[in-house]
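Each of the next two complexes has chain A plus one more chain, namely chain B in the first and chain C in the second.
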Partner chain A sequence: MSVLVIAEQRGGTLNRATWETIAAAQQTGEALHIAVVGHGVDAVAAEVAAARCERVLVVDDAALAEYTADGFVLALSALIEQEQPGLVFLPHTYQTRDFAPALAARLKRALVTDVTAIRKDGDRFVYVRPMFQGKLSADVAAGGPPPHLVTCQIGAYRADSAARGDAPAAIGKAAIAVDAARIRQRPEAPFKEARQAVDLSQAARIVAVGRGIKAQENLKIAEQLAQAFGAEVAASRPICDAGWLPMDRQIGSSGQTVAPKLYVALGISGAIQHLVGMKGSRTIVAINKDADAPIFEVADYGIVGDLFEVVPAIVAELNRA
Partner chain B sequence: MERETLDVDVLIVGGGPAGMSAALRLAQLQKAKGGEPLSIAVLEKAREVGAHMLSGAVLDPRALRDLVPDFEQRGAPLGAAVEHDHVYFLTRSSQAPFPLTPPPLRNHGNFIISLNRFVKWLGGLVEAEGVDVFTGFPAAEILYDGDRVAGVRTGDRGIGRHGEVKPTFEAGVDIRARVTILADGVRGNLTKALVRRLSLDEGRLAQLYALGIKELWELPKDRVPAGTVIHTMGYPLRMEEFGGGFIYGLPDGLVSVGFVSGLDYRDPMFDPHVTFQHFKRHPLVAGLLRDGQMVRYGAKALPEGGWHTVPRLHGAGALITGDAGGFVNSMRLKGIHLAMRTGMLAAESAFEAIRANDVSAAALESYQRRVDGSDVRTELYPVRNVHQSFEYGLVPGLMFSGLSLVSGGWWLRDPMPSHAGFERMRKIADYYRDGRPDPDSTVNPARIDRQLTFDRLTNVHYAGTRHAEDQPSHLIVYDTDICRTRCREEYGNPCTRFCPANVYEMVDAGDGTRKLQINASNCVHCKTCDIMDPYQIIDWVPPEGGGGPQYEGM
Partner chain C sequence: MKIAVCIKQVVTREWQLRVNDQKTWIRDADASFELNEPDAYALEEALRLKEKQGGEVVVCCAGPARAAQVIREALARGADRAIHVESDALAAADAATIAAALAAAIKDEAFDLVLTGLQSDDQGFGQVGVVLAETLGMPHATIIMEVQVQDGALRVKRELEGGWFQWIALPMPALLTIQSGINQLRYATLKGIMAAKKKEIRKASVPSLGEPVQQILSLYLPQKAKQTQLLTGSAADAARQLIAKLRDEARVLQ
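Here is the complex of A and B:
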């Protein structure tokens, strides 16, 4: 049996979540193949070839230059029928959510989404996925013939735990052509908002502010810390609601879900709506006046104190180093 | 502006038990009587059928038996047949069982259900009959042709927070119908507008409402066996407050736990959400919930005023059904069967009127006669004064309820005089003569441990509620100056307490005062603010289609 990971790229830039999916697929212990789909994606293929895997397959077609659900379903259904993998793994991104259900329906195969853990039960795999807004974790086993399609939750696996090979894997081109006439969608230029939006899920370090920041002019304290760390600035909902930061910097159930290496929460109490958007972060540092704030339940390092004293001290120390 | 239009014979607004029963009955009449096929459409604001459905719920199956006689073979998700009824009177630390279960609370022959699952199932039957169910489309306003209701306009999509048109803009659709059946639920936005425009509530008593807050719990199996019904009165409410708790055992260790608080309380500092937390901390309830997990949360208002508060149910081209019409039996704590029955009766009148090619108010009055001649009246009329009697307190209310069982509801003054709930709320200065409480804190807080008890914001997360963030607030407060000045002084901003979803907050305005912040995307569409605001300046309008809670399994 083999596992096929579908890498995600946009405009020739690899989505970091692909590495998380590679890490998840490596845990199955099966032979790993990685597919890169698009047009002019050789650099992306070379990047993922560093992973410990059998080979990298490139599906390159001018009709795939811009993402369309039809184009990806056509290309991937042909690739999967040709390669006959035992499992197909995808990152649970917006793009995957757009086409994966159609792909599974086209192939008439089971699709298990938003998976956070995988374990072997006899000769089958059991997938863990959240239910009821993350309150419960369900064990799911897929039925029907292989390959089963599995999407991995962002942040459930660590990108840097993906094993690298001793030498880059071989890169091959898949002999698959996409009939552009069968693509019904016509992508137009991205909306202005979408083009400007920061994709916080790609940030390695994030400094997030909450109500404890008190006033818009105090945001510069957070910006100084972010600059010292090389981090992006984000916020919990009240800050974006007040218009102090744009909505695309909101973390949580009504904003983005992130899993950076470092997440610094300044004056964030840790409402569950915020926690679900960042609890997968590798190291969480919380600074809050209230020792009972729920943010400390998920924090690796907690400082109970006034952020207006603590943060400048950290910034001064970082800048001295 | 160019708008798409759609013409149908019957438009049903709201895909709940009333709306779906109306749709199914219409399809059945069409099949049985033949003739030119009718086009029927159901509009539902939720993204999928059943997602906004919330009830206790104990179902009296009598309307279901008439609508779908072979409901068992067709796999109706009826949860568990009621096996045990318990009624307790609670004091702070103990409980006294009622020696006899009062007759209205005897539930033998009824079923404990998830209304979400039940309506999903009913919706499946409706769609199988070829009826169009449009989910994710709220009805924003009624289209009139003079005073005749000519259909509805659905809500626009793609409007930004400040009213600006976004690239994703789609104008709402005008759906024109010969008959529009309003099944838009308790305090439905269209019914509210129609009742006002046509003065349908003239000579009727003011509707009385209650707010039900419910959680779904997973408990060790057999802690609350499937089929168990527990009702409570008393603590944590005081003698002057109306309401009570419920615990219903579903199969597989799932248990519904909830509390209903009358929205006619006097204490401006009363907080239904905190009251629910006190209820769960009572030894009887805490003992049952120990080691369990709360998996869902939701809230909904109920029309509890009864027969004398039901408005005139018809206008030219329009019929009102279900909760929108106030069809709840507050003594039996049930309304689903009445919603279904009124939906079915409305379907019969709509069908007859269209076949006779006369949809005037006079023709549609047949619906009123059908309701008057049905089991809806025989059930509601004898208890017509019951909720009103609780205006005088718990003890007089209970005594009158008991008396009604033998007297048929007779009273010296019939209808018994009554006031709208929001008018009964006292001002802080009148209610708290010995010292003014801080409007930003709770008078009688409950300990929050995030196991048994939860803060509002955490609870809202488990309602699964979602709205597009970049849209105008769908909670329109006509004068927010009142909030920071008069209301703060007179009532201490009660919206921050009666809203069960943390929509209303008074936040620091930066100048030492507080201002209102509306967290509209937390809204669970319960309508309490529209009902209970003492100045009646809050208007609930539907948000962009598909927004709202996700009441899976509720």
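Here is the complex of A and C:
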């Protein structure tokens, strides 16, 4: 059996999450092939050819210069039918989420998303994935004929644990052409909203608030704590969705990724979309009334309690010292 | 414009999850349920599009009988009618099964636009919308933060990672998966609740469900990545311990 990893690149730059997916695929112990899809992506192919793998396959077509769901489904369904891999691995990025379910549906194959661990059970694989916003984990099995498609959660595998080969792997071109007339999406150039006022990635300390803060007027409790710590205030997505804090204060997959010395999570349950943006923090403190909240899976120090009592006590303690 | 909104009923965030004896699903017999949050944003977006463009908003749900609760709620918020593919087997079904059930129920309705939330708060596959698009032969775009209708076509703002966005143009009919926060939600008025009682809920038959392609072998509490030190006692006690730990052990305070 062979495993095919679909590398992710945009504008000729490799997405680092690809290395995490390579690391995951290597753990299966099966022969690894890596596909690079796009136009003018030789540099990306050369970069991933450093991985310990059988070979790198490039699907190059002018119709794939800009990412589109239709273009990638056409290219990858043809590639998978041609190569007949036993398993297909992809990073669980927004781009993968945009096309992988359609790819699996077109191929009539199972897709297991957001996988954090894989183990062999007899002649099949068992995949671990979060459910219920990360409050539970599930062991799942995929059914139907191979290849099953698997997306690997960002941060679940270490990019630097991907094994490098003794020499670069061979790079080949796949004989696949994409009919541009069948691509229905017309993308414009990616852009950022008005320049971000705060760069939270540089903050040494962050106090972040989540749904547990309950009301906008309660934000002042978090602000007092941030002031006492000398920290920036940040938030999980629902707080920014509600307009209680500006979007540029959002931590998580759709916001900023941070790794401060100190991260204090107030009333944040710890959905995976939030955790990926902060779990690299050096010291994590979680204050939450729910002892089973997933935030406690990554916290160094936890206080299970009412943040409206605990936070003023911490502020008093800091001001007393 | 004829718009379908696919919705799912999920357990409320506050409900304490407990796993059943077989460890294959949660003990949801006594759970409280709500409309999946991203689907609520999809519904709101559909209602706003209808207010601008005219037309009809139809909510579609593939779920057990109890899902009538969220269907009624969607009708009370302003949807015109509903289609319910009703089967207890759909409560914990995989994405392919739910998408197949929805596709069978809506394929003959000739919708101009189909909206779904980007993922569900329970199983969180993030697949149903995109699989449904493929099944219906529609183009799609995901994680959408703005929808513009121009000359019978769509221009939508897609969220990328790390604060990036991208506009995508696509023809209709099309399917979009909607990101939370795209709009401000409305809530049902008393008038809406009364009006909902007279609105049609069509029961659609369940297509023969194929073998599930994804099976839950075991559900359990996640393993901790770190050994968390839980600080206990009164709020003042916990605060005192925390500051001492941060200063002397973690050394993140001066």
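One rule holds for everything that comes next: the second predicted complex is superposed on the first by the 196 of 321 C-alpha atoms of A that agree within 3 Å, B and C clash if a C-alpha of one lies under 4 Å from a C-alpha of the other, contacts with A are read in each partner's own complex, and residues count from 1 in each chain.
Here is the rule we go by: a contact is a pair of C-beta atoms (placed from the backbone, for glycine too) under 8 Å apart; a residue touches a chain by one contact, two chains touch by 3 or more.
What you see is a predicted model, and the numbers here were worked out from it, not measured in a lab.
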(request) Identify the partner contact of A:Gly305: answer first if only chain B is touched, second if only chain C is, both if each is, neither if none is. (result) second
(message) Looking at A:Leu262 after the superposition, I want to know if it touches chain B, chain C, both of them or none. Which is it: first, second, both, neither?
(response) second
(message) Which partner chains sit in contact with A:Leu136 here, chain B, chain C, both or neither? Use first/second/both/neither.
(response) both
(message) For A:Pro294, using the defined touch cut-off, is the partner it touches chain B, chain C, both, or neither? Pick first, second, both or neither.
(response) both
(request) Tell me which partner A:Ala215 touches in the superposition: chain B (first), chain C (second), both or neither. (result) first
(message) In this superposition, which partner touches a larger number of chain A residues, chain B or chain C?
(response) C
(message) So chain A touches chain B in one structure and chain C in the other; where do those two contact lists coincide?
(response) 132-133, 135-136, 191-192, 238, 241, 247, 253-255, 294
(message) Taking the touch rule as given, give the residues of chain A at its contact with chain C in the complex, in rising order.
(response) 69-70, 73, 93-95, 97-102, 104-106, 109-114, 126, 130-144, 184-193, 196, 205, 211, 229, 237-238, 240-243, 247-248, 253-257, 261-262, 269, 279, 282-286, 292, 294, 296-306, 309-310, 312-314, 316-318, 321
(request) Mind listing the chain B positions that touch chain A in their complex? (result) 167-168, 218, 293-296, 450, 457-458, 460-462, 464, 466, 469-470, 507-508, 510, 517, 519, 521, 552
(message) Which residues of chain A touch chain B once you look at their complex with the stated criterion?
(response) 132-133, 135-136, 191-192, 214-215, 238, 241, 247, 250, 253-255, 271-273, 276, 294
(request) Using the touch definition up top, name the residues of chain C that touch chain A in the complex. (result) 11, 13, 16-17, 19, 26, 95-96, 99, 118, 121-131, 133-135, 139-143, 158-171, 179-181, 184, 211-226, 228-232, 234-236, 238-240, 242-243, 245-247, 250, 252-253
